[in-house]
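After this come two complexes, each holding subunit A, first together with subunit B and then together with subunit C.
== the complex of A and B ==
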């Protein structure tokens, strides 16, 4: 205690700071950085969890490149991204743009759109899975049948299953994006719009020349946020296809599901770790793209 | 007629010509958004409606059950599993939330208000963990849990999420708005640093703490991948893991699956409906600043 009271104010601050940080620094070291290193290390090993870990160099990565399932999964993952991100961006912008212009029961409408964000992906995956069943079970096919349209095989078809699984993921995320867009719209100074009004500019010009350019940081944020979400899609796929995860014929399997399968059903830890490294690199690229896009502002 | 008169009259003309279609436009806009909003909540509405239907009515597309029943709820809750899963999820989400509120705010505060050697390195190190996806860590976490005997325990489910870089960064941003003078004044009053953080700084960032609490709680309540990996025994499942297995087991008894889904969803929906304004503000804050 005497030692402490002899310290200068500045030195005391240093002691306090490190006292506060000691546990968190340990946590980040042991629970974040060390496992990250381990993941890289395991990706160069062959290990079935029971036997010995043997170094095999780049074999896992080479195997990955020659694995047709991996390429199928790779394409699927980007399909989720390339359909999901633009679709949710445009839809949420249109909703936010119009909702922003309404005062009557504004809060109520906003609540309707936001509610799905508060649900759990697992629960909603099961609800949508029920919607997609064939007649006489599924809601969608029952509705189609009632107006005389032939049935659609949603989850049983290799072409329809991926968009069908993606739909609830887009649906659940819309509310969040709408809210973020509305905050972005509110932040645009009213004076720009007034100036445009005085100049007699049409709404399309206002939208494309004022609103959208000024929303750029918001748009970048939403694109990156939802891209990362779609690249990591798992809960919806797993729960909508539990009888054959990622099926039919791997047509819905995303990278995270392949990782889960390889590691915890196949116990091929090295191969799974190599897949996680690929996922890491993809996400890193997306994050770097965000930094780059925001810097040029 | 002077120029002003002409302008005035053309303005009134303009208005009378424009107001009506404009109002019409607003009404159409409102109606379309209303229809869209109703469609948005349909999956939730059907989930709840089906959970209140008798089995023979499940394939009927009507939203209002003809003879509502809570039979499905008594059946699903009867064997106690949903009860355990619910309690497990509550305990795990609550402890994780408290841990994040304490540690993220303490670290955010320290990085924001203290000047000490290593500050920049710690900040960048924590921030960089945002780039590491959970999916990359689950395999090492599993191996770690296996060798330390953490598998299939509350601690095993919780430990990865006890602190988050997102929360730390969010809190740091908010502490920027706390004036240094307040902290200096408290120091002169003889409070120690821990007291200053707790009694002076924390009360000033309550909105941020609330926003963080919402995010962390919701995130842990709905978390699936890691709890699925780390739990083995049915009693240790969280609600999403339990529901996933229950869905398979119930097979085609969709009214029971919808009941399970409703049990896992209704609590967050109720909380949202009560604190709606507050939660939306929090989500915007966390989304934009975090």
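== the complex of A and C ==
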């Protein structure tokens, strides 16, 4: 006790901070960081989950570089990212921008947009899977048929399957992004808009010169957050293509699904670990690049 | 440059009327200050002139146009906001240039205009800075610059000094007044600070509860207040109000004290006798108004405020700064009849 009372105020604050941080630090250390570190080690080993681990150096990485499936999956993952992030950003902004100006049924509409975010991804994936079936089962094809448009093979086509899987993923994330955008819009002082009104500038100028620049922190957050989400996409793909996960012909397979497949169907832990290291590097580089591109000057 | 008129201007939100038919004529080049407590309708009036609030009924006339249904940009006005409303992501120059975005001026003309305004406001060296790198007073000047650059017929200021500290406020007050003398545009300035109103205005408009109480020069509203509200709102500390009755031109206070002939009216009625602390002297030549004991002293340096407990209630008077009476001392306060105001006790209006 003497020891504690002799500390300066600053030192006491540090003691208390560490007292509260101890548990989460321990938890993160053991449950998160230790396995993460181990994954790096395993990526240089061969291991089938039960047997001994053998050190094989860069073999897993060389195999990965020469694996055509990996490159297909790599491209898929970036397709999810490069279509999903801008699309959800623009759509959620447009919704938030208009919802912000709307008073009538505002709360109800906001709830409607937020609902998919709270819904289980599995349930949603299965509902959308039903939407995509052929006539007479699928909703979309029935609608198309009723106006005389030929059937579209949504989940059975190598070109349509990826966007078809991406659609519910974008939709699911919208509610959250709309809420964040609306909070950002509300934080812009009304007098900025009033000043612009008195200066007589048009709505486009207001949008591009005032609203969007002032939303920069919000946009950075949403871009980074949703990018990580799309790079890690798994449950929508897995549930919508359960008969042949990531199919047809790996056309919807993202990196996380490939890792899952390698690890728990192929029991090739070393190879799977090498893939996670690649995913980690992609996430790191993409996030850093975005933070750098969207930095405030 | 233009004059501005408000004709029976009213504003209602749903069923609640907050502005009850305001009439005011502002001459070209005049500096008008709207002053009043919060919720009196002064900002609403300003925003209606600006076109940021719809006019419920009545007319806003700028120049010789009724502008009720014109967009703010068509009204030839510029406004300076309380929180400045300068854009944090734009440089000072871009902020000022924003006022010219919709103008049809050529690029070199715009540049010249911005340079001219920056020169007038003495901030040419700040043009490339961001607002975050400026002090409060400098930001205020940017906001004024953005308004000035358009050379509007009427400048509107919505409590522009309330975010500044006391010293800076005094300084900006002076700068705005100098600026007005230099550029000569019509200015409508809203504030809740009566000192700002007194020091800057050509004419003051005192408002309360959506009504204009009095319009006049600073001297008029100070020396000849139209009613008890104006009398007590303008001037610090507030005017003393002593209840009494007017009888045959003389006043008998509720406390029993009789104050000599100070009014020409001979009709008998209940009144409030108003005396400013400055006009209540300790050893004056005028008739005695009240006597009492000093309860509290507030030394201000040049003078000392004394709070005197009398039978008519607490009265504030000013005493000499060097030798004020002690607390507890018995004092006799007197006033020159010419400086005493008589108000009707029921309506609060001054009796003339």
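The rule we apply is simple: the second predicted complex is superposed on the first by the 263 of 297 C-alpha atoms of A that agree within 3 Å, B and C clash if a C-alpha of one lies under 4 Å from a C-alpha of the other, contacts with A are read in each partner's own complex, and residues count from 1 in each chain.
By definition in this document, a residue touches a chain if its C-beta (ideal position, glycine included) is under 8 Å from a C-beta of that chain, and two chains touch if they have at least 3 such contacts.
Please read these numbers as outputs of a predicted model, since none were measured by experiment.
**Q** Is A:96 contacted by the first partner subunit B, the second partner subunit C, both or neither?
**A** neither
**Q** Applying the document's definition of touch, where does A:233 land relative to subunit B and subunit C: first, second, both, or neither?
**A** Touch status of A:233: no partner.
**Q** Subunit B or subunit C: which reaches more residues on subunit A?
**A** Partner with more touched residues of subunit A: B.
**Q** Using the touch definition from the top, say if A:205 reaches subunit B (first), subunit C (second), both or neither.
**A** second
**Q** In the overlay, answer first, second, both or neither for which of subunit B and subunit C A:166 touches.
**A** In the superposed model, A:166 contacts neither subunit B nor subunit C.
**Q** In the superposed arrangement, does A:195 touch subunit B (first), subunit C (second), both or neither?
**A** It touches subunit C, and subunit B stays clear.
**Q** Where does A:64 make contact in the superposed view: on subunit B (first), on subunit C (second), on both, or on neither?
**A** A:64 sits against neither subunit B nor subunit C.
**Q** First (subunit B), second (subunit C), both or neither: which does A:185 touch?
**A** Neither partner.
**Q** In the complex of these two chains, what residues of subunit B are touching subunit A?
**A** Residues of subunit B touching subunit A: 26, 29-30, 32-34, 36-38, 40-41, 43-44, 46-47, 50, 58-59, 61, 103, 106-107, 109-110, 114-119, 122, 125-126, 129-133, 135-144, 159-160, 162-163, 165, 168, 192-194, 197, 218, 221-222, 224-225, 229, 239-240, 243-244, 247-248, 252, 254, 257-258, 260-262, 264-265, 268-269, 271-273, 276-277, 280, 283-284, 287-288.
**Q** In the complex of these two chains, what residues of subunit A are touching subunit B?
**A** 10, 13-14, 16-18, 20-21, 23-25, 27-28, 31-36, 38-39, 42, 95, 98-99, 101-102, 104-105, 107, 109-124, 126-131, 133, 136-137, 139, 142-143, 146, 168, 171, 174-176, 179-180, 183, 221, 225, 232, 234-235, 238-239, 242-243, 256, 259-260, 263-264, 269, 272-273, 276-277, 279-280, 283-284, 287
**Q** Within the complex, which stretch of subunit A touches subunit C?
**A** 189, 191-192, 194-202, 205, 209-210, 213-214, 216
**Q** If you look only at subunit C, which of its residues touch subunit A in the complex?
**A** It is residues 50-52, 71-74, 77-79, 81-83, 85, 87-90, 98-99, 101-102, 146, 150 of subunit C that touch subunit A.
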